[in-house]
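The block underneath contains the structure these notes are about, expressed in C-alpha cells.
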Amino acid sequence: MLRSRLLEERLITMYKQGDGYFWIGGPGEEAFNVPLGLLADKGTGVDHDFLHLHYRSSGTLLALGADPVDSLRQMKNVASDPYSRGRNFAGHYSARKWNVVPVTSPIEIQYSIAIGTARAQRAGTGAKGISIVQGGDAGTAEGDFATSLVWSSRKGAELPLLLIVTNNRYGISTPYAGQHGYDQISERGKAFGMPTAVVDGNDVEASWAALTKALHYVRTEKKPYLLEAMVSRLRGHSSASGANLAKEEVDCLERFQKTLEDRKILTRSAMDQLRDEVTTELAEASKRIRGEAPPTPESIHDYVFADKNYVGGEV
Amino acid sequence: MATMIQAIRMALHVGESRLGVTDIFGEDVGAPLGGVFTGTQGLETTWNTPLDERGIVGTAIGLALAGRKPVAEIQFCDYAFNTIDLLKVAGNTYWSTGGDWNVPLVMMTPVGAGIRGSIYHSHSFDAQATRIPGWKIVMPSTPLDAYGLLLSAIQDPNPVMFLMPKALLRVKSKPGEDIPGAPDDDKRLAQMIDAPLGDRSAWKPEWPALEEMYIPIGKAKVAREGTGVTVLTYGRNVPMALAAAEELVAEGVDTEVVDLRSLHPYDWEAITASVRKTNRVLCVNEDTEITNFGEHLIRRISEELFYELHAPPKLLAGAHIPGIGLADNLEMASVPQMSTIKSAIAELAQHEP
Amino acid sequence: MLRSRLLEERLITMYKQGDGYFWIGGPGEEAFNVPLGLLADKGTGVDHDFLHLHYRSSGTLLALGADPVDSLRQMKNVASDPYSRGRNFAGHYSARKWNVVPVTSPIEIQYSIAIGTARAQRAGTGAKGISIVQGGDAGTAEGDFATSLVWSSRKGAELPLLLIVTNNRYGISTPYAGQHGYDQISERGKAFGMPTAVVDGNDVEASWAALTKALHYVRTEKKPYLLEAMVSRLRGHSSASGANLAKEEVDCLERFQKTLEDRKILTRSAMDQLRDEVTTELAEASKRIRGEAPPTPESIHDYVFADKNYVGGEV
Amino acid sequence: MATMIQAIRMALHVGESRLGVTDIFGEDVGAPLGGVFTGTQGLETTWNTPLDERGIVGTAIGLALAGRKPVAEIQFCDYAFNTIDLLKVAGNTYWSTGGDWNVPLVMMTPVGAGIRGSIYHSHSFDAQATRIPGWKIVMPSTPLDAYGLLLSAIQDPNPVMFLMPKALLRVKSKPGEDIPGAPDDDKRLAQMIDAPLGDRSAWKPEWPALEEMYIPIGKAKVAREGTGVTVLTYGRNVPMALAAAEELVAEGVDTEVVDLRSLHPYDWEAITASVRKTNRVLCVNEDTEITNFGEHLIRRISEELFYELHAPPKLLAGAHIPGIGLADNLEMASVPQMSTIKSAIAELAQHEP
C-alpha cells in the first residue's frame, strides 16, 4: 500500500516537473486494490484469473509483482515502457503474463469484454480461473455495465465473473448525488439474481474479507457477484484537475498505519523509514529513466498486425 | 455447386472441427434457426446471444484474449454502428500494448442492398470497416472465394471482418469453382447440410469430406482480363461488372474486372498492374459516396499513377443520402446497377484525352 | 382490435401475393396496444404524450385514429405512404400530428430517445404530456434499455416516462428462457426505485386497468414507471419466418370476442358481420392502391435537409 | 481578442439568451466545472448528464423532436464511436419520415491532436462525420469563425456537428477578428466571463453586449490568396498551412490556403475556383488516411477537374495506424506538422508536368 501510494506521488511529481504529460491513478484506493492483487490467482490463460482493471489500479499491479519503475517509464513515455512502448497514458497497464487485460481509456467497455474471458471459463469448460472486472461509479451509467449484468446472469449460462465498482462518488467534476436512482450501485445486481455487497474500501481488513468472500463465491459457484467498494479520491480526478490533495477525503493509508501502530505491529518510525527509502528509490529511478530512449518516429508502424497468435499459445 | 451461404457454413464446419474455432455466436445463430441466412445451421459450437451487439463484440474480444477462437456474427451490418468503439479496440489492442496481446477473432456480417431490405437491411460496411485500423477486411464475390477467405480469416492471428454480400448468398458457384470435397450435385449437398423445414430438433448434418483451401488475405483476383478499362470492385458488384463487361464486348470495349476480395490490406500490386495496362479506371461499390473506400483507391491512383491515366478516374458508388428506400425505384436509384456500371465503363472507354 | 387484426391479416396477404417485400406487425398484441392508443393523450408538442413505439404497433395507431389504408400504402411502398413515402417497411409509423415519433428498425434505441422527449416534459417545465416508450423483451438486453432506466430515475431529476416492455417470450427464433437472469423483466426497474407491474396483455380489461394506473402515476408524479405486458406472437416474428399462425399462442381477440358474447354485449354474428365488412373494405383498398404511383427514382434526394424547423413550430 | 473557447462560450450565451437554446448538456458541462475546456462556464441552461454518450445523443434527439433546442457535448470525439447508430438516426429521421420530423440539434465535440493526448484524446472525427448523411458539419479555425458558425448551427433546423479543434481552443483571435460586441482587451474579457479558480459557487459571468454574426454553413474562406498551389484544409491545420505558406514565400512559392470551415455541405465553388487558378492541389487533415474525407475531395477534383491539374493531387493526412501515441516523436510522426505541410506544398509547386 505504501509503495503504491508513493509510486502515485512520484508520478504526480514527474507530471508537475514536466516529465510526463498526464497523470491519472489510484491514491485513495490502495486499501482495496492491493488486496485484490494479492488475492487474485495470477498467471496466464483460462486457469488463472483475468483482470479487467480501471485506470486507478497501480496498487493491484504492484501487489501482483509489477516493478514500479515500469510505471515511471510509462509516465515518461519512453520506448522501454513495457505496457505500451510510450504510446499510452500512465496507469494504462497491460500484462499478458498475469492475465492483466489492457486498461482501456473508454470508460466501461471492460465490462463488455470481461464477459468474453468469463465465458471461456464458465462451468463445464474445466477452466480453473475466473474473471474480475473493475470500474468507477459514474461509468456504470454506460450500457456496458448493464451488458455485463445481463450476460453474466443468464439462467443456466451464468458466468464466473466478479464485477467490482469502485465508488469514489465522482465522475470527474460530477458528484454521485443527482446522477443515480438508487443509494448503492450494487442494488442493480439484485434484479439479476446475483449476490451483491458494499464494502468500505478504505478499510483494508474489510476489503480483504469482502474480496475473499466474493472470490470464493465466484470460484465455487461459477456465477457472477457484484461488489461495490466505497473509496476515496485523494488527488482529484487526474492531473487535469490539478492532482492536489483532497483534504476532506479519508486516507486509507493513514488509517492503516494508525492501526498497525495501535496494534503494535509496526512503529511509526519504522514506517517513516520505509517511506523515506521507497521515496528515494523512486526519485532516483525517475531521474535514471530520463536517460532512456524515446520511441522512434518510425515505430508508429510497429505492431499493427500480429504475425503469430500469441494469446493462442504460439511463441 | 454450392451457394455462398453453404460455402460459409462448410468453412465454419472446417473451422470448428479442424482449425480450433471454439465459439460461433450471435443473434439467432444457434439452434433452432442457425442464422437468418442459414449460415450456421448444423454446426457444433453455435450459441444464441442476447440481443446486444455490444455484448457480442465484447464477448468476441474477451474470448480471443482468453485464447479461444471466436467467430461472432452481427445479424446485419446495419446493426453494428453502436459497436464502432469496440471494433476500434479490437483493432488497436495489439498496437496499444506494443505487441502484448493480439486479438484473433472473426466477425461476419451481411452487407449491401439488392433484396429490397429498406433502410436497415441495405447498409454497406466497407467504408466504415476500412476506417478501423488493425482489422483485416475481406469480402468474397463467389462461393469458393467465401470458403477460402473464411478459412484464412479463421487462421489469422488478427481481427478479421468477413463481409457477406447479402444479394449473393444464395447464388450458386460456377462450374469449376466447386468447394473442394463437396459433392457437385446441389440436391445432394442440400440434403446433406441444409436443415429441413419444420421441426429440426433431431436433424444432424452429414458433412462432406471437405478439403482445406486458403485464399490469402491481401490478394485480388483478375475476374476478367481486358485491356480497355479497369474496374476495381468487390462483392455484389463483381458479377454486375462482369455482366456489363460481356455486354460491352459487342461495343468493342475490352474490360478488365479486378475483384479485390481483400479490402485491407488490399492488393496494390494488382491494381497498379491493371491501371498501367488499361490507363482507365472505374471503382465500383455500394457504400455512400462521400468518404468512401473507392475514393481512397482513386486518391492513391491519382497520386501515384497520375501519368498513367488517360481519362479522369471515376467512382460509381451509393448515393450520398440517409438510407436506401424500399420501393424498387428507390433502391435501384441508390446503388450501382448493371446498367449504370455498363455506361460508366463505356464512357471511360470512349473518353479522348 | 378487430380492425387492427384484420389490417395485419391484409398486410400478410399483400406480402404473400407479392404486393410488398416484408411484413412485420402486431397480431397478438391488440388487447394491450389498442387500449394504449385510446388512453394516450394525443396531440402535438410537449402538452400531449409522446409515443415511442415498437414495430408491432398498428393497434395503437388505429386507436389513435390512423387510416388503415395508409398502412397498406406503406406495405405497397407507394409514394402516397404518409409514414415514409415508400421508403420504409410496413409497421414503421411516424405521425407528428399525434406525437408518434418515428418507429426505428434498430432495436431499443427508442428508449434512449424517449428520455429526451420526457426531459422536455419533466416537473417544473409546465408541460402537460408525458412520454411513453415501448419495445420487445429480447431488446431489453441492449444498453439503451438500461440508459432509459438510469436517466429517468435520477434522484431529483426524475422523468415522466412510462416504459413498456411487450414480452412475447421471443426475439426472432430465440426463446426468452436462457437469455435472462430474472423471471420478469420488470424486476429490473426495482433497483431504480420505480414502480413496476406485469400485466396479462392478452386480457383487454386488465391491460386497460394496468395502463390507466401506470399513466396516472406518471402524469401525477412525473416519475418513471415500468410496465411489462405478456403478449402473444400470433404470426411468428415477421414474413421472414413465414407469418403463419402460431396455434399454441393465446389469441386475445378470440378471448375478447368470447367475453363480449358471454356478457351479451355483442352477438357472434354481429361480430362476424363486422369482420366480413372490414375484410372486404381492406381487400378492396389493397386492390385500389395497386394503382397508386410508386416514388420516382429522383425522389431519393428529397428530404435530406429541412429548410424549416417544423418540430420547433415553423409552418 | 478572445480565445476560441471563449468565443464558443459567448456564442452559447447568445444561443440561450436570444436564439432559443434550451439545454446545453453533456459530461461535466454544467457547474462546477463548465466543461473540461471551460466552454460552458457561467451559462444558464447547462446540466451534467450521466456518463453515457448514448444517453446524451438520445436525449438530444428527443429534446429536438419535442421542439426544444439542444446543444449536446461529447466530451471528446474519441468517445462518440459508441453512438454512430444514433448519430445516423439523427441524420436520417427527416428523410426516413418523408419530411415529417426534422431534428434540430447541435452536437459539439473536441477533435484532433496537438496536446499529447495519447490514444484516446487525439482522435479526429471529420472522416467519420462526413460519412453520416443528413448532418451538416462545421469546423472553425479561428475564434470569430467559431462564433459565427456556432450561431448558424444553432439556427439550423437540421442536426449540425460542431467540431472543436482542441489544439486551437486557447489560441487568441487576430487583430481585426474580434467577436462583435466583446471587449478587445483580453484581460477585461477574462475578468468578465472566465470562472475564477477555486470556489465559484457565487460567481456569475458579466456578459458583454454581443452582436449576432452568422457565418453561413457551406461557405469556405480563402484564408490566404495565392496562385501557385491550393491547400484545402480546415481546423488545426489552417494556421499550420498559413505558416508554411509564409515561409515558402522566400522560396518563391505563392500558396493559396482555402479554409473549408464547412465539411458538409462543402463549398465546391470555392474549391473549383482555386483549383482552376493554381492547378495544383494539396488536401490536409489529421484523420487517418484510408477512407478519409480529403480523399473524397481529391476524388471529385480528379473526376471533375482532371484537365485542370498540372500535378498529381496530394493528400497529407494522419498515418493509417490504430492510434496516436503519447511520446512527442509518436504524435508528431502521426499527423501533419507545419514542416510536412511545407514540404508537400513545395513539392507540388516544383512538380513539372
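Note that the chains are named A, B, C and D in the order they appear, and that numbering of residues resets to 1 at the start of each chain.
By our rule, contacts are C-beta pairs under 8 Å (C-beta built on N, C-alpha and C of every residue); 3 or more make two chains touch, one makes a residue touch a chain.
Everything quoted here is computed from the prediction, not taken from an experiment.
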Those chains which touch chain D and also touch chain C: A, B
Hey, which chain ends up farthest from chain C, C-alpha centres compared? A
Give, as an integer number of Å, the spacing between the C-alpha centres of chain D and chain B. 34
List the centre-to-centre spacing of chain A and chain C in whole Å, with centres computed as mean CA coordinates. 45
By residue number and range, which residues of chain A touch two or more other chains? 84-85, 87-88, 106, 141-144, 147, 150-151, 154, 178-179, 304
Chain D: which residues touch two or more other chains? 50, 52, 54-55, 79, 82, 85-86, 94-96, 119, 133-134, 321-323
Quick check: in the complex, which residue numbers of chain A touch chain C? 141-147, 149-158, 177-182, 187-194
Within their complex, state which residues of chain D touch chain A. 27-28, 30, 32-33, 36, 48, 50-55, 78-79, 82, 116-121, 319, 321-323, 325-330, 332-334
In their shared complex, chain D is touched by residues of chain C numbered 45-46, 50, 81-85, 87-88, 92, 94-96, 101-102, 104, 106, 109, 111-121, 131, 143-144, 147, 150-151, 154, 302-314
Quick check: in the complex, which residue numbers of chain D touch chain C? 20, 23, 49-50, 52, 54-55, 57-70, 85-86, 89, 93-104, 133-134, 136, 157-158
Complex contacts: residues of chain D adjacent to chain B: 54, 79, 81-86, 88, 91-92, 94-96, 119, 127-128, 130-131, 133-134, 264, 288-296, 298-299, 302-304, 306-307, 309, 311-315, 320-323
